[in-house]
Amino acid sequence: MGLDFTVVPGYLDFILLGVLWTIAITIGAALLSFFIGIFFAVIALYGPWFIRLPFRAFEWLFMGTPLLLQLFLIYFGLVQIGIDLPAFVAGVIGLGLHFAVYNSELIQTAIIAVDRGQMEAARTLGLSRGQALRKVVVPQAVRDVIPPIGNNMIALLKDSALVSVIGVSELTLSAQRAIGNTYRPFEFYVVAAAFYYLINLGMEWVLRRIERRIQAAR
Amino acid sequence: MTDQKPFLDIRNAQKSYGDLEVLKDISLQVQRGQIVAIIGPSGSGKSTLLRAINDLDPLTGGEVWLEDMQINKKLPHRQYEKHINQVRQNIGMVFQHFNLFPHLSVRGNVTLAPKMLKGISDDEANALAEEQLEKVGLLDRIDYYPSRLSGGQKQRVAIARALAMKPKVMLFDEATSALDPELVEEVNLVMKKLAEEHMTMVIVTHEMGFAEAVCDRVLFMDQGVVVEEGPPSKIFRNPDNERTQNFLRKHLANANR
Amino acid sequence: MDIDLMMRVYPFFLTAAWVTVQLSVYTALLGLACGALGASMRLSRHALLRFIGAAYVSVFRGTPALIQLFILYFGGPQIGIQLTAFEAGVIGLGVNIGAYMTETIRGSIIAIDKGQREAARTLGMSGWQTMRKVILPQSARLMIRPLGVNINALIKGTALVAAISVVELTYTAQRYIGSTYKPFEMFMLSGVLYMVIIYGTGQAIKWLDRKARIV
C-alpha cells in the first residue's frame, strides 16, 4: 500500500481542532486532578475514620486498575444511574479523578513532611487546625510537589488519548476519523503522534521553567 | 643512585580543564624502592598528578613512564584499553574513600581482580587473599562484608586488594584523610610495613609526621607546580621557599588546635 | 448488585485475566530487553549510539502508548508489518515500557559511586569487566523497586490492547458492559482480578527487593 503523506494537509484543520480539544481536556483534567488531589490528601490524612477508610479503599481501587477500565465505568456507570454526561465531561472527570489519586499520594507525603514543626508553630500562634492546614501546611506542601505533579500532568496528556475510546473528539479520535475516510492509518497516527510530541515538549519546557523558579525562590 | 635510570618517570606533565591549568609542567622521577610524599594545600594538583600516573585522569601534555613502558600512550581506543589495563595491573592504588566493593566480601574484594585478570584458580586466589590479609592484620575478617568494617579496616582491606595484584608501585591518595583520628595509625602501620619491604610508593598526604618518618623525598606542590622538593629533613625542618614555610606553619597551627 | 450475573460470567473474566497475565509477562520481558539495550546505548562511548538511545526514550515517552500501538497495528501493514493483535500488543507495549525502563536502568547505573569504577579500573579490569562484576551487581539491587513501578504501569497499560480487540480483561469488561448494561458489576469483576495481578506482583517485587538488600 505504501505511504502517502499528501493526504494529510487536507485534514490539517480537522486534526488541529483535535489538538485544541486534547489541550482543553488536558488542562481541564489537570486542574480537576490538582484540586481534588489536595482535597483527597487532606481527608486521607485528617478526615475522621469513617471517611478515611472508604477513601483508602477507593484509592486502592483506582491505583490497582487501568485508567481505560475506569473510564468505561464512569462513562457507562453514570448512564446506568441515569446521568447522561457528554463524553467530554465524562472524559475530564475520569482522567481528573484518576490523576487526583496519584497527586494525592504525592501531596500526602509532602504534607507529612511539612506538618512536623509547622503545624505546632501555627497552633502556638493560636491558629485552629483548619486554619493552620489552609494557611501554613498545605501551601508549603503544594509548592514542594509541583515538580512531581508536573510529571503526572505530562503523563495525563498522553493518557488523554484514551478518552477517544469513549467518543471524545480529541486528537486521537480526529486521526481515527480521518483514517476512516482515507484508509491511511500510518500517516495520520504518525501525524497525531507528532502533535502529541510537540505538546509534550511544550509542557516539559514549562515545567522546567517552573522548577527553576521554585529552586530560585528557595 | 641519582644517575640510575628512574623506575617511574613523569616528564613535563601538564593538565588543564578548559582555561584552568591544574598541572603546569611537572617532572618527577622515582627510583625503585623509593618512597615519595606529595604535600600541598587542597587544589594544588597533587591528587591530579597522582591520578595521572595510572592515567585515571589523563594528562593533556607530557609523558608518564614505568620502567621501559610509556603509560599514557596515545593509541586507538581498543589498543589503549588493552594497554592501560595491562599497565594498571602493575600499579596499585588506594583511595581516600576506600572504594571497596560493597556487594563482595573481603575475600571477594581481594580475589576479584587476580581471578579475573590472572586466571588463577580459586585455591590460589584464596591463598593469595589470606597472605595479603595476614599482612594487613585482617585475616580474621576475611568473610566479612565491607559494611561491617571500621574505616581503618576498610582501608587496610583496600591496601590488601591492591597488593594482591603484586604491583610494582603503590599510589596512595590521601589514604587516611577520611578516617577518624584514632583509626589513622593502623593504616600508617601497614604503610610503614610496605616501606620496610622496599615497595615503591607515591603518597599524597596531609600527615606531615608520617611523611617525615617514612618517606625518602618530599614534594611540596602549590597551584600546579612543584614549589620545592628534597629530603624530608630539609623540607620539614628547613624549607627554602616562603610558600613552603607558610604552608607548613599553617598546617602545624591547624594540627595543634 | 447483580451477584447472579457475576457468578455466571466470571469464568470468562478468569480466562481474560490469564490473557492479561500472559501479555504482562511477555511485555515485561521485551521491555527489560529494550531497557537494557536502550540504557547501554545511552551510556555508550559513541555519540551516535547515545543519540539513538536518547531519541528512543524521548519519542516513546513523549507520545501516547495508544498511538504507538495504533501505528504498529493499523499502520504496520502499510510498511509490510503484519502482526496479530496480540503480537502487536506485546511489541507495542514492550517497546513503549522499554523507554521508561531505559531511564530506570540508566539511573541505577549512574547512581553507583564513581569511586567503584575507578577502583576496578585501577586494578586493571576492563570497562566491560567493571560493569559486569562491580557496577551491575550493585545497580541491579537499586533498580528492583523502580522497575517494579514500571511493571505496575505496564500491567495497567495492557488494558490498551482492548482498543485493538485483544480479548483481555478490559476488553471483556467492555463487551459485557455493552451486552448486560451492568457497568459497576463488570468493573468490580475485572477490577478485582486486576488488583490481584497488580498487588500480587507488587508483593513479589517487594520480597525480591528485601531479599536483595540482605547483604
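A, B and C label the chains in the order they appear, each numbered from 1.
Assume a contact is a pair of C-beta atoms (placed from the backbone, for glycine too) under 8 Å apart; a residue touches a chain by one contact, two chains touch by 3 or more.
Model, not experiment: these values are computed from the prediction.
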Busiest chain-chain interface by contact pairs, anyone? A-C
Using CA atoms only, can you tell me which chain is the most central one in this structure? C
Taking each chain's centre as the mean of its CA atoms, chain B sits from chain C at a distance in Å of 46
When centres are defined as mean Cα positions, the distance from chain A to chain B in whole Å is 56
Centre to centre, by mean C-alpha position, how many angstrom separate chain A and chain C? 21
Of all residues in chain A, which touch chain C in the complex? 1-3, 60-61, 64-70, 72-73, 76-77, 79-80, 158-162, 164-165, 172, 175, 179, 184-187, 189-190, 192-193, 196-197, 200-201
Within their complex, state which residues of chain B touch chain C. 54, 56, 77, 81, 85-89, 91-93, 95, 97, 99-103, 112-113, 116-117, 145, 158, 161-162, 165
Help me check something: in the complex, which residues belonging to chain C touch chain A? 59, 62-68, 70-71, 74-79, 156-160, 162-163, 169-170, 173-174, 177, 181-184, 187, 190-191, 194-195, 198-199
Per the contact definition, I'd like the list of chain C residues that touch chain B in the complex. 45, 113, 115-116, 118-127, 129, 133-134, 137-138, 141, 215
